[in-house]
Amino acid sequence: MATLHTVNKSPFQNQTLISCLGHAKVGDSVLLMEDGVYGAMSGTAMSEVVAGMGANVKLFVLGADVSARGIDASRVAEGITSVNYEEFVGMAASCDRVQNWL
Amino acid sequence: MSIVKKFLYVNRKAPYGTIYAQEALEVVLIGAAFDQDVSMAFLDDGVFQLTKGQDTKEAGLKNFSPTFRALGDYEVTKLYVEQESLDERGLTLDDLQDIQWEDEDDDYAEKPSIIVVSRAGMADVMADQDVILSF
Amino acid sequence: MKFGIVVSEGPYTHQASDSAYNFVKAALATGHEVSRVFFYHDGVNVGTRLSIPPQDDRQIQAQWTALAKEHGLDLVICIAAAQRRGLLDKNEADRQGKDANNIADGFRISGLGQLIEMGIQADRTITFGD
Amino acid sequence: MAYDVNGTTIEHDEEGYITTLSEWTKELAEVISKAEDVDMGEEHWAVVNFLRDYYEEYQIAPAVRVLIKSIKKSMGPEVGNNKYMYELFPYGPAKQACKIAGLPKPTGCV
């Protein structure tokens, strides 16, 4: 009974990603999109927090929003999978529910 | 309509600074007519929506906080409030409005609508839903 | 699978309506159904036909109208949110004695009940907002 | 557009709802009810007073089923039922009674 969570806020601006990861269950998926993709970067003040709190969930990032922001694919932290919109749709369909952290 | 789904309205934003809290309440009141299994979740800044003593006169805004106390009439009786979110903001249950519902099956006994849950408990509530609408 | 979509932020100010549009297109392209797109909060502003975006930018309202025509999408603007923000169809304008209406082709104004009904009927409800 | 209450004008919108809620008086309610072709009897007043009290306490006009449930509880099932409410207010207990009670138009959202 897994949930797909989406987060669209930069973790440098507010607590939404932290709150999401604090409520996600083992085996859930978390997709970072829009400004949320900044939370997927390696070598930032948030990288370790995201890796630590996200250890029990599957982390994804929306590739279109990564490229739009000029983030090189090599800067996406290890263990975070980049997906396109069709894969996003597929994830929403295969989970039991979607929770959008706004 | 025979389908009954579990609906959760997630409130994570403070009132007044933005319209989300107020328009969320409008959804809940309308949604109550559809005979679904409805719950509301208040966490992060959303717990500020339920505080006592809101007085919007000087700010020139509509005070919608009394409307939370009408939810029981609409059979919305499960308001989950997260303990950690209260703690982080220096709030206790006493700082929140007393929100109750009348149990018709129990001689109209008044019962509290606010259910304080831990973060883990809130995660369980969320994971138990069919539809989650976030505001 | 049947998706219900909520758009709750205004066009151009926020990326929400663009993300929703990309999601809906991808869902339709992969053989899914989109039962309704419900516009709430400032999202109702997507449905005005009076916006004039610069030619070199995306035409958000026109994109939705075209997608709706092509796939028979049900684009619903919440009446309560729309009235607050000055969006009216011809019926409402006449009824309220207003001198203009501004709803774009392919959109319709209806009540919040349509959001709840969408949540009941759709297999998954997804919100794009802030 | 305005109602005339003994020489005082009270502005209302296209559909007859007053624009400034604080201008409501019992005399105004009589004037609105005449315009609506409703002959205000004791039960009508009970509903109008209930609506005003409810609004005062909760800042919303109750949905029709909430209104009926509450009237049923306070005045009994012979008054608190859908049919009787529509006899009292033929154009709908929500719309018409709210108009007479000087409350905002219920957002007909369903």
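Each chain gets a letter, A, B, C and D, in the order it is written, and its residues are counted from 1.
FYI, a contact is a pair of C-beta atoms (placed from the backbone, for glycine too) under 8 Å apart; a residue touches a chain by one contact, two chains touch by 3 or more.
Because the structure is a prediction, the values reported are computed rather than measured.
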Pair of chains joined by more contacts [C-beta pairs], B-D or C-D: B-D
Separation of mean Cα positions, subunit D and subunit C [Å, integer]: 34
Interchain centroid distance [CA atoms averaged], subunit A/subunit B, Å: 27
Subunit A and subunit D: spacing of chain centres that average the CA atoms, whole Å: 51
Overlap residues in subunit A, where contacts from two or more other chains coincide: 97-98, 100, 102
Two or more partner chains touched - positions in subunit D: 107, 109-110
Set of subunit C residues in contact with two or more other chains: 8, 80, 111-113, 125, 127, 129
Set of all touching chain pairs, with the criterion as stated earlier: A-B, A-C, B-C, B-D, C-D
Subunit B to subunit D touching residues, read off their complex: 26, 29-30, 32-33, 62-64, 66-67, 69-70, 73-74, 108
Sites on subunit A touched by subunit C in the complex: 6, 8, 33-34, 64-65, 84-86, 88-90, 92-93, 95, 97-98, 100, 102
Subunit B-facing residues of subunit A, complex: 1, 3, 15-16, 19, 22-25, 97-102
Residue ranges of subunit B in contact with subunit A within the complex: 10, 12, 43-44, 119, 122-123, 126-127, 129-132, 134-135
For the subunit D and subunit C complex, residues of the former touching the latter: 13-15, 107-110
